[in-house]
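When the chains are written out, they are named A, B, C and D in that same order, and each has its own residue count from 1.
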Amino acid sequence: EDDNTQKGEGDLLQQILDRGELIVGTSPDFPPMEFIDTTKTGQDQYVGCDIELAKYIADSLGVKLTIKAMDFDAVLASVTTKQIDLAITGITKTPAREDSMEMSDSYFDEEGESGWQGILIKEDKKDVYTSLDTLKGKKIAVQAGSLQDLYVSEQLPDAKKQYITQLNDAIELLNNGTVDAVATAYGTGQDFVKQKSGLYIGEELLFTLNKDYTGNRIGIPKGETALLYRVNDIIKDVKDKHLYEEWYQTALNYDKQKIEGNYLQRVAQIFSIYWPKFLTGLAATLGLALITVIGGTLLGTILALVKLSKNKFVKFLSSAYVEIIRGTPLLLQLWLFVTIFAMFGNDQMIVSVITALVINSSAYVAEIIRGGIMSVDKGQWEAAKSLGMSNQHMMVKIIFPQAFKTILPSLGNEFIMMVKETSLASTFYIGELMTANNVVKTATYFSLETLTITAIIYFVATFTLSKLVNYMERRLSVSD
Amino acid sequence: EDDNTQKGEGDLLQQILDRGELIVGTSPDFPPMEFIDTTKTGQDQYVGCDIELAKYIADSLGVKLTIKAMDFDAVLASVTTKQIDLAITGITKTPAREDSMEMSDSYFDEEGESGWQGILIKEDKKDVYTSLDTLKGKKIAVQAGSLQDLYVSEQLPDAKKQYITQLNDAIELLNNGTVDAVATAYGTGQDFVKQKSGLYIGEELLFTLNKDYTGNRIGIPKGETALLYRVNDIIKDVKDKHLYEEWYQTALNYDKQKIEGNYLQRVAQIFSIYWPKFLTGLAATLGLALITVIGGTLLGTILALVKLSKNKFVKFLSSAYVEIIRGTPLLLQLWLFVTIFAMFGNDQMIVSVITALVINSSAYVAEIIRGGIMSVDKGQWEAAKSLGMSNQHMMVKIIFPQAFKTILPSLGNEFIMMVKETSLASTFYIGELMTANNVVKTATYFSLETLTITAIIYFVATFTLSKLVNYMERRLSVSD
Amino acid sequence: MIKVENLTKSFGDLEVLKGINEEIHEGEVVSIIGPSGSGKSTFLRCLNLLEVPTDGKVIFEGVNIADKSVNIDTHRQKIGMVFQHFNVFPHLTVLENITITPTLELKMPKEEAEKLGCELLAKVGLLDKKDEYPRKLSGGQKQRLAIVRALAMHPDVILFDEPTSALDPEMVKDVLDVIKGLADQGMTIVIVTHEMAFAKQISDRVLFMDGGYIQEQGTPDQIFNHPQNQRTIEFLSKVL
Amino acid sequence: MIKVENLTKSFGDLEVLKGINEEIHEGEVVSIIGPSGSGKSTFLRCLNLLEVPTDGKVIFEGVNIADKSVNIDTHRQKIGMVFQHFNVFPHLTVLENITITPTLELKMPKEEAEKLGCELLAKVGLLDKKDEYPRKLSGGQKQRLAIVRALAMHPDVILFDEPTSALDPEMVKDVLDVIKGLADQGMTIVIVTHEMAFAKQISDRVLFMDGGYIQEQGTPDQIFNHPQNQRTIEFLSKVL
C-alpha cells in the first residue's frame, strides 16, 4: 500500500483512484489561468480557470485535489518524472514536449480569446467601421514596435499611424477624435470595453491571423495513456458544457472591480482597491531614499574632509568628482551605472540603481557637510586655535558638534529630494512608488486618476517629512 | 510636343522615351531604401538602393532620371494620377493598391533581408547552436512585447526568457554569459555582427515565418501595361545580376563607419561621426531650459508677489501651489501634464512637456524671488518706510533693485538645474540631448561610449554655465 | 507736536512698553537713555509707526496715527528717522539717496530736488561725494548722508536711534556736530543715545527708561547731577 | 618675552603691516591704539600666528614661531587670546568651556581641571553659572568667561583685541575690572583698545599704530599728554 513506490507504466490512473488524490502541478503566476489570491492561504490561495479545470477533473475522477505550486520549468520536469499526475499551467504543444510527455487535447484556444489582434473603435462608429477595409486611410493609434504595428503595416498599409507609448493614451486620443481607431490585442481591447463606456471591439475588426498557435493542453506522464484518454474525455465534457469559457470569465473578473462614477469617485475607488500596491511602492521609495542618503552621507563625509584637507591633488580629485556628479543629470548617471554593471555581468538592476543614487547623493552631501563645517563661525576656529588645540581636537570637539546643527536639517532635505528623485528608478522597473503608479495605471486604464493618487502620496510624504525637518531645525537652533 | 497634355492610356512608356526623362516619385525617409545625404544638394542628395534601381531603369530606357521627393501617401496618390511615371519607395502589395495602380514584380524580398526574426549568438558557439532545437532550455534575451518575444514563446517555449529594454544591453548580457542567445530581427542582428566582433547570426537560427509578406514593388499608373512589362523586364535583369543586393549593401554602409579600437578610440570615433546630432541635442536642451526658466520666472514672480501680499486666501493658494509642485517629482508632473493635455486633444508632446517644466520651475523661482526680496536688509525697508515712501515705490525703487543681485545668480543656477532636468523630457522623445544620446546609442550599439560623450557634453555645458553664474555673482556683489 | 497716550507694545508674550504717556513739544530736544533692552528703540519706532503699538494713541500734529484708517505714509514724511546702521540705499548715489523720496512722494521737480540735495550735502561737508555710491563712504559719512536724506523731506521732527554707536570712535564727533547743528537751528529732535556727555550738552529734556516705563525725566542737570530714581542712579553709576 | 622683527603682513595687494620691530617684556602691560584699519588687530593676531606673517620673525620665548617647522599648537597654549566677540563655545557649558583645552591638550585630570575652572570662575563672579550654557550669559559675562578660559591654560601672556567694544556700556566696567586685576597680578598683557581712559590707567607702555607702522610709543603720560607725532595728535584730538 506504499503509494510512493515506482509502479509500472500505464497504471497511474489506477494509482490516483486508489490513493484518492490527484496531484496537479501548476505555476501560479499567469493570471487569469493560475494565480494566487493573497488574501487566502493553503490550497485555497490557488485560483484561476486552470485551477477550476483541475478541480473539475478531480471531481470527475471522484478524488481529492492537491495543487503543487512550482515554477513553469519545474512543472514540466515534474510531469516527466511522474512527481505530479498532471501538469495544468497553460502549456502549449511543441515537438520537444510531445517527446517527453503525453499531451491532452486542447482545452482552451488562446487565440479565440486573447491571441487575436484587432481594432478598437468608438461605439457610435460601430456601423461605420464594419470591416478592416472601411478603415482605409483612417488614423490609427498603435504602440510603436508592437505586434499590432506590424499588422497595421501589413493589412492596413494606407492607414495613418499615430505612435503612442501607452495604450491608455490611445484611448484618450480616440475619445477626443484625434484618432479614429486603436490597434490592440483583442483581449486587452475587451478589457477596455468592459472598463470604459463608449468603446467597441468586434470580431469583424480582427486582423487575419496566420500563425500556428496550438491550444493549451494538459501534460501527462509519458505512457500513461489510460489517464490521457480519461483526461481527454473530461476535456470533451468541459468543452461541450462551455465550462472553461465560464471559468475564464470568472477568473478575468476575479477581484477586478468596475471603476465608475465621476473623476473623484474613480480616484477613491482605485485607491480603495490598489492601496496595498501604493503602500508597498511608498515603502520602497522611502527605503531606497534612506539607503541612498545613508550611503551618500558616508561617502560624502569622506569627500568633504578631503576637500577641506591641504593635499592639493586629492583635493582636486574630490572637487572634480563632486563637480562632475553635480554637472550631469541623474538619469544619465543611472543609465551609465546600469550599463557599466551590465558589462561586468550584474543583472540585478537594483544594485546598479542604488550605486548610481548613492554616488549622486554623495556629491550633494559632500557640499552639505562642507557647507556645515564652513558655516561654523570663524571665531570658533580662531578661539580653538588660540587656545592651542590640535587640529583634530578642534574638528571633533568644537567644529563638528556645531556644524551638526546645520548639517542634520540639510540631510533631511536631501532625503526629501531623494524621495522625489528615486522616481527616476522607475525607468528600470525598480518597484518604488512611480513604478507602482505605472502598474496600477496599466491595470486600471485610468491614467489621470492613478497619477492623482500617486501625486497625493508623494506630496503627503514629502510634506510630512519637510515639517519634521523644520521641527528638527527649530529644535536644534533653540540651543543657540 | 506638349508633354503635359493628358495623353491616352497605355502610351506612357512612349511619352517617357519621347521626352527623354523618367520621373520617379519617392519618399526619401526610409534608409537604406531611400534617404537624403545632407552633404549634397539637388538630385544628388537622394541616395539609397531604390534610387539606384531608379537610375538603372532610366539608364536601361536611355533617358534622364528626375527624382521627385514627397511623402509616402503623396507618392501613391501621384502615381494614381499620373503625375509621376513610377513610384519607387519600398511599396508592398495590397489589394487596395492593386486596384489603383499597376504593381511590378517584386524586386526585393524584405523578408530575406530584414523581415526574418532570428537568434544572435556568440561566434564561438556557432557549432553548438546549429538549429532552434539546440537552444532548448537556454537563456534567451528578448525585448518584452516584441515580435521576437512572441516567436520565442511559440517556437522555443521552454527557453528561459530574460527581458531587456534595449537590445544593446542584451549584447552585454550575451558577452558576459548571462544569456546564451539574443532574439532579434535578422537585419538588426546582421548589423550587430558587422559592428561588434565575436557575434554570429545565421539562417539556421531563423524562426519559421508564416506570414504573407510580399516583396517591394514598383508602382505604375493604372493601365500602363507597356511600361509595366518593360519595368518587369528590367527587374528581372536586376535580379539575375544580383544588383539590388549590392546596392542594398552599399546603401547600408553608406556613411556608416565601422567603429573600432579601444574604448577611448571608440568614443572619439562616435563623436566625430555623430557630433551634429549631439550638437542639435545640446541646442534643444539649452533652448528648452531657457524657455522653461523664462516662463518660470514670469509665473514665479507673480507667485512670489502674491505670497508676500496680505490677502490670506490668495497667499494660501500660492503657498499650496508652490508646496505641491515642490513636493512631487518632476517625472510625475510631466506624465500628469502629458495625460491631461492628451485628454484635451493635444498631441504635441512638446507643448505638454514645456508646460510641465514651466510650472515646475515657477514654484522654485517663486521661492528664489521671495528669498531675494526677503534677503534685502530689513533696514532698507524701514528706511524707505520712515521716509514716507508708498509701498509700491518702496518695492520698485528700493527693494527690487537690491533683490536683483541675489535673484539673478539664483536664476542662473535654476537654468543650470533645468539643463539637467530637461533630460527627463527624453521619456517623451523630445529631441534634447538625452534623446540624442538614445538615438546615437541605438545607431552605434555602443552604450557606454555614447553615454560618456553625452555626460561630457552635459558637464561642459553646466560647468561653463556655473562659471558664468559665479562671475556674474562676483560682478554683482562688487557693488556692495 | 507728538503726544503719546498710554502706549503699550508687546512682542508675543514680552511686554516691552507698559503704558507710556509723554509729550514732545515743538522745538524741543529730548534724549532717551536707559539700559539695553529697556524699550528705548521700541518707543522711538512707535512714534512713526515702524512698530505698531499694541494699545494706546500716538497723536502727531493732532492726528492719532496709530489708527489703522490713517494713511501713515504722508505722516511719516513729516517725521524723519535716522538709524543706528544708517540704512542708506546702496544702489543709489549719494545725491539720489537724497532726491528719490522728494521727487517720488512730494512730486518735487528733479532739478529742485537736486539743488536742495546739494545744499544739504554742502552743509554736512559731503558735496564732493554727491555722485559716489555709499560703499565709498566711511561710517560717519554714511550717517551724515542718512541725516541729510531725512532732512530733504522737510520733516517737523527727527528721531535718532543711537546714531553713533555703530561708528568708529574717531567718526563720532562729525556726526554729533551735525545733530547739534540741527538742534541749534530749532529742529524738534528725539534721540536715543549712549553718549551721556552729548545728551547732557544738547538736550532740553532727558527721559530715563527702564522696565517698559519712563522711570524719570527732567532737565539734563536734574537727571545727570541729581537723579532721584534708584534705577537711574544705578544706571548712571555704571556708564559714567 | 615676545620679540617681533621686521614683521610684514599683506592681504593680497594690501600691505597692512609694513615692517614692525617691537619687544614685549615679561610682566609688561602694553596698549595698542590707533585708527580703524591701521592694522592693530592684524599685528595682535600675528603674535600667536592666527595670521601668518608675510615676512619677519615672531620670537616667543626664544623660538621663532613664524617658522613653518615649529609646532604652533604648543606655543599657542602659552599665549592666551581674548576676542572682541568672545568666541565662547556655545555647545559647551561654562565650566566645560574652561576645562576642555586643559584636559585635551595638557592632559590635566578632569577633577583637577574642574577645580581650577571653579576657582577661576569664582574670581570673576561666575561660579553660580558654571553649569549654564553660554546663551544664558550677558555679553559681559561671556567676555569674562573667555578671559577665564584663556587663563586656565596658564598662559605667559594674554592678548586682548578690543575686549569691550561689543559690549553694552553698562557691562564694560566689569570686564575692565577683571583685566585690571590681571595686570595688577603681574600678567603680561597686550591689549588693543579704544577705551583711552582705561589704557591710560593700566598700561606700562602705549603703542600708537597707523598706516602699517608703530608711529609712536611711550608711557601713557607721554602718549596721551605729550604726543609728538602729528598723526597721534590728530587721532587723540578726535577720540578724547
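Please note the rule applied: a residue touches a chain if its C-beta (ideal position, glycine included) is under 8 Å from a C-beta of that chain, and two chains touch if they have at least 3 such contacts.
Note that the structure is a prediction, hence the values are computed from the model and not measured.
Novice: Along the shortest chain of touching chains, how many steps lie between subunit C and subunit D?
Specialist: 1
Novice: Once you find the CA centre of subunit B and the CA centre of subunit C, what distance in Å lies between them?
Specialist: Going by mean C-alpha positions, subunit B sits 69 Å from subunit C.
Novice: So the centre of each chain is just the mean of its C-alpha atoms; given that, what is the distance between subunit B and subunit D in Å?
Specialist: Computed from C-alpha means, the inter-chain centre distance equals 71 Å.
Novice: Calculate how many whole Å lie between the centre of subunit A and the centre of subunit B, each centre taken as the average of the chain's C-alpha atoms.
Specialist: Once rounded, the distance between the two centres reads 27 Å.
Novice: Would you give the residues of subunit D that are in contact with at least 2 other chains, written as numbers and ranges?
Specialist: As it turns out, subunit D has no residue touching two or more other chains.
Novice: What parts of subunit A, by residue number, touch at least two of the other chains?
Specialist: Answer for subunit A, listing residues that touch two or more other chains: there are none.
Novice: What topology does the chain contact graph adopt: line, ring, star, complete, or other?
Specialist: ring
Novice: Write out all the pairs of touching chains, ordered by chain label.
Specialist: Listed by label, chains in contact pair as A-B, A-D, B-C, C-D.
Novice: Over in the complex, which subunit B residues touch subunit A? Could you list them?
Specialist: Touch residues, subunit B against subunit A: 73, 76, 92, 94, 96-97, 133, 136-137, 143, 145-147, 150, 154-155, 157-158, 160, 162, 169, 172-173, 175-178, 210-213, 323-324, 326-333, 335-336, 338-340, 342-345, 347, 420-421, 423-424, 426-428, 434, 437, 447-448, 451-452, 454-455, 458-459, 462-463, 466.
Novice: Could you pull out which subunit C residues touch subunit B in their complex?
Specialist: 48, 50, 73-81, 83, 85-91, 100-101, 104-105, 133, 135, 146, 149-150, 153
Novice: Which bits of subunit A are touching subunit D when the two form their complex?
Specialist: By the definition above, subunit A touches subunit D via 377, 379-380, 382-390, 393, 397-398, 401-402, 479-480.
Novice: What does subunit D use to touch subunit C in their complex?
Specialist: Per the stated touch rule, the residues are 35-36, 168-170, 173, 194, 235, 238-239.
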